[in-house]
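Quick one: structure below, then a few questions.
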Amino acid sequence: MAAVSQSAMTAEPSVASPKMTARDLNLSYGDNQALFDVNLDIVERQVTALIGPSGCGKSTFLRCMNRMNDTIDGVTIKGEVTLDGRDIYDKRIDVVQLRARIGMVFQKPNPFPKTIYDNVAYGPRIHGLVNSRDELDQIVMTSLERAGLLKEVKDRLQSPATGLSGGQQQRLCIARAVAVSPEVILMDEPCSALDPIATAKVEELIDELRSNYTIVIVTHSMQQAARVSQRTAFFHLGKLVEVGETDQIFTNPKDERTKGYITGRFG
Amino acid sequence: MSLSFLLLAVAALCVLSFYFGRQRAIALSGGRYSNLHSLPTHYGMYVALWCGLPALLLLVVWYMFQGSIIEAMIIADLPAEITGDPGKLSLALNSISLIAEGGGQHLTVSPEVVDAGRRLARLHTIANAALIVVMLASASVGIMLSYRKIDPEMRARNNVERISRWIMIACSAIAILSTVGIVFSLLFEALHFFSKISPLEFLFGLEWSPQTAIRADQVASDGAFGAIPLFVGTLLITLIAMAVAVPVGLFSAIYMGEYASSKFRSVAKPALEILAGVPTVVYGFFAALTVAPFLRDNGAIIGLDVSSESALAAGLVMGVMIIPFVSSLSDDVMSQVPQSLRDGSYGLGATKSETIRHVIFPAALPGIVGAVLLAVSRAIGETMIVVMAAGLAANLTVNPLQAVTTVTVQIVTLLVGDQEFNSAKTLSAFALGLVLFLVTLGLNVFALKVVQKYREKYD
Amino acid sequence: MTDMASLMEDRAAAKVISDNLHKPVDWDSPKIARNIKKRYAAERRFKFYGLAAIGVALLALFVLAGSIGSKGYTAFFQTYVQLEITFDQDAIDPDRTGDPAVIGKANFDGLIKQALRERFPQVTGRQEKRDLYSIVSGGASYDLRERVMENPGLIGQTRKVWLISGDDFDMLNKGYISADVEEGNRRLNDEEIAWYDALKSDGAVEKQFHTRFFTNGDSREPELAGIWGAAVGSLYTLMVTLALSFPIGVLAAVYLEEFAPKNRFTQIVEVNINNLAAVPSIVFGLLGLEVYLNVMHLPRSAPVVGGLTLALMTLPTIIIASRAAIKAVPPSIRQAALGLGASPVQTVTHHVLPLAMPGILTGTIIGMAQALGETAPLLMIGMVAFIVDIPGGALDPATVLPVQIYLWADSPERAFVEKTSAAIMVLLAFLVLMNGLAVYLRKKFERKW
């Protein structure tokens, strides 16, 4: 049964020219296999939501997409992940550049213990994207504006970022990611540490960012996936069970497990 | 020797009383332990505690006062011409104790002193005998009183536990007692010193030569007690040590924590910790016999005049000693920087070194500052390396190639060997000790606060 | 008005940048490529600094160990000289009494000197003779006496006997004194070196294992000095330290961790312990000098005073380690015991302490190792005296290993350098043993809850 649905999945890539793809991706931590033969396409300038019960491998998969798992000891990855058709695990790919092209926002807001300005300026500075202070100022301003934070912090750019509220910190982290002009932004449960009002703001922001960036978001909340995403992928026990248009997944799931999950029979 | 026998005797009494207390409780229970309030062993312990504890307390109190009381008795009998002059008195007391120990035949002293010596010996014998009697008596009384109290209704366990609680509190209080002891012994002698030499002269004077203080005609005449050259020397050596220990320790910690494979770490980390376990006297020997001649000879080759007791040699070796201290403390501190910050930086495409320099290091900075302050306090208080490798001459210089002296070196030189108490020379060591204690204490309290604050931030 | 205008301008500028912002960066542009190259170079440099720092530290360790090892290993061997000794009846026991008391008082030193004169009959001058006698150690006559006492049959015979040599002769044989140096700049003159060469070519010079180094007390003569006295002193001192600091430290740790209410007293105790751990050791020496010697009039130079002083110093180490070990015992075990009706004291003595004991012992051993290596505070309480006799108890004057090292390092004789290094090797061996034991205990009883 599972084998059949699995092969059906592989055939699914109905997407014409995906921004990113994963092919037969397997990952293990030592002897523990966490991902089994994942095949998934990410559509450009759309929000793709990864859902599934905790421990299902969705975050692990997300971290494979910009090679964040490289920093963990004892991880082995097999298979292929591509960005614009090029394998990102290719030896010739520079991981530093790759991560600039594929930005990431984490579960807990993690502003650096620096000023608000320096947080946003960090990426452009290390990547040498600017030639002058003015340019940097502009990038910081626009990034903050994009993240919908500029109005709130305009007058205290030089105060420490850790003084912001949780929601503001998370939007700052998004501004920080945006500042290096990434093509893809990966978000790992970006609202799980936020209150409902801050969550609404971040969701709104994600929706706006969609016009310029390809976004992949891992979320715990199916409502959130339904609100912000165009495509949804359901993970279960390290396998990608089903992927499709968000509307279709939530109204007419093909797989029993997906149905079970979204109707709340397990999770 | 008799002391250890006495202790053994009391211990034996305790064991015996434990046994008999337990037996009596068993006998009273009529074979059914449930008739007793507590277990038989509790009754045994109750008796044993009442046997040993008062006796031991008595011993401690006895030794605290025996010396001074006997000394007072001896002094009371000495003629006024001796007791009137502190110098003569301390000389006489030295001779008296020599005679009491059966020596001092070569001394030319007055008959009063010889008599006093004999009397001292007699008093010691009497005191020891008295101590034995008193201790054994107290042990026996304790046994008798507590043995009689044994009764099935008696809450022996509660009693024993209450007593052990007080013993534990007393043990904890020893930490306070030692601090109080340190403060009072330093303060007492230092105040004595400051009654002879003004604190201003001591703290701000530029010349230090206590050795000239002893002149034949004046027992306690003034030498020069300006401690500035000592402070400068201490700071100079500390600075050199920090110049070695901070960069090396910090970079080792960074490499160990962020770069090294676990295999490399498992070899290199214990190797570094060996450096911390080497006794300071060994470092001192190394500094004096290997590093100092090496520096002097190589300095000579390039035309530098390096003193054979240069501040540089002592400072370098002290730096090596402190490397593991800085490294393990900053390793602790940096490993507490949350992974999420690293992830944030890597996620933006930063390299490892960029992440370390721009994110981890600034985040860990307060903790690292605390670690360095603790290291500074350790360098200031370090004694053997400087005693063996730095000089005695109190030069007021910041040239690391010359010999300087430090606070700890002076304390050692002033107090090792025969001392005349009450002379400004000897007392000045306590004034230096007080300064040393206050400075290191201040550094420690401040550094521990900084580190504590830092920990709370990331907990 | 102008504000409004500038705001509009800003907006416009922001728009331009904003449009640029989602244009992908051209990562293949030469400027970016150069930048990447620079960043990786910086990364490599930074990593190299880290490795270099560890290299420096390890190098220091190797140089330290190497310099001590290379200076010290020769001290485990001692040069002996073979001489033909005539055990002259008239010189040893002229009245043929055979009484050990008489034999014991005989002038064995004279026999050795005579043997030396016979071996080198050309020596006549006063100073020359004195130089000649210094080939053999002053301690050799005691060896000779012992030999005769054990075997009185030797009297009247002539025997070839190996005698312990003097320190300069020993240094020459070990190569520390070079004949190539100008005569005025070395401890031995040309004539003495000629004697050495003559003896050497006879096969009358050899090195033997130096047991005396391990069995003797201190001495002014390097070839007779040994570490046994200091080792025994260290043992007594550590015994006193352990007897005091272990029970007190463990009881204090138990109280603070298990019973202490969170009040001011407890807080003061905690702050105190943390600060005491960082007080310079010499300050404890001053405390010991003032309290134990000046107030309580305990005997100077005695291990008991050294032990009392070091006990205060190691107390914080033991308390901190014991508290960590006690804290590591999970609360579930306490709850289980309390739930069965055990009293808090019983819970601690029956369950918590046995489980925490490996950690406590590890901390105690490390504290004892620190105490064994400590020097400065003991200088303050007079354990720095020159003591030849092996101490017989904790109240006898004594010195300890590190102080012995300090004393020898201060001695001018060349031969004390190797003794010092060898004593350091012995001290380090003890420390390695103790730390090894601590590591073993920790590994063996390591428990993950």
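Every chain is named by a letter (A, B and C) in the order it is written, and numbering of its residues begins at 1.
Throughout what follows, a contact is a pair of C-beta atoms (placed from the backbone, for glycine too) under 8 Å apart; a residue touches a chain by one contact, two chains touch by 3 or more.
If you're wondering where the values come from, they're calculated on a predicted model, not measured in any experiment.
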item	value
Overall pattern in which the protein chains touch one another (line/ring/star/complete/other)	complete
Far-end chain from subunit C, centres as C-alpha averages	A
Which of A-B and B-C has more C-beta contact pairs	B-C
Where subunit A and subunit C are represented by their mean Cα positions, the distance between them in whole Å	59
Whole-Å gap separating subunit B and subunit C, where each centre is the average of the chain's CA atoms	18
Whole-Å separation of chain centres (CA-atom averages), subunit A against subunit B	58
Contacts with 2+ other chains: residues of subunit C	39
Residues of subunit B engaged with two or more neighbouring chains	351, 354
Multi-chain contact sites of subunit A, meaning residues that touch two or more partners	96-97, 100, 126-127, 180
Complex contacts: residues of subunit C adjacent to subunit A	13-14, 17-18, 20-25, 27, 31-32, 35-36, 39
Subunit C partner contacts - residues on subunit B that touch it in the complex	1, 3-4, 63-64, 66-68, 70-71, 157, 160-161, 164-165, 167-169, 171-176, 178-179, 181-182, 185-186, 188-189, 247-252, 254-256, 258-259, 268, 271-272, 274-275, 277-286, 288-290, 320, 323-324, 327, 351-354, 356-357, 374, 377-378, 380-384, 387-388, 408, 411-412, 415-417, 421, 429-430, 433, 436-437, 440-441, 444-445, 448
Subunit B contact footprint on subunit A (complex, rising order)	66, 68, 71, 73, 95-100, 103-106, 108, 110-114, 122-123, 126-127, 173, 176-177, 180
Subunit B-touching residues of subunit C, taken from the complex the two chains share	39-40, 42-43, 45-47, 49-54, 56-58, 60-61, 63-64, 67-68, 71, 247-249, 251-252, 254-256, 259-260, 266, 268-269, 272-276, 278-284, 286-287, 289-291, 294-298, 312, 315-316, 319, 343-345, 369, 372-376, 379-380, 384, 393-395, 402-403, 405-406, 409-410, 417, 420-421, 424, 427-428, 431, 435
Contact footprint of subunit C on subunit A as seen in their complex	94, 96-97, 100-101, 126-129, 138-139, 141-143, 145-146, 178, 180-181, 183, 212-213
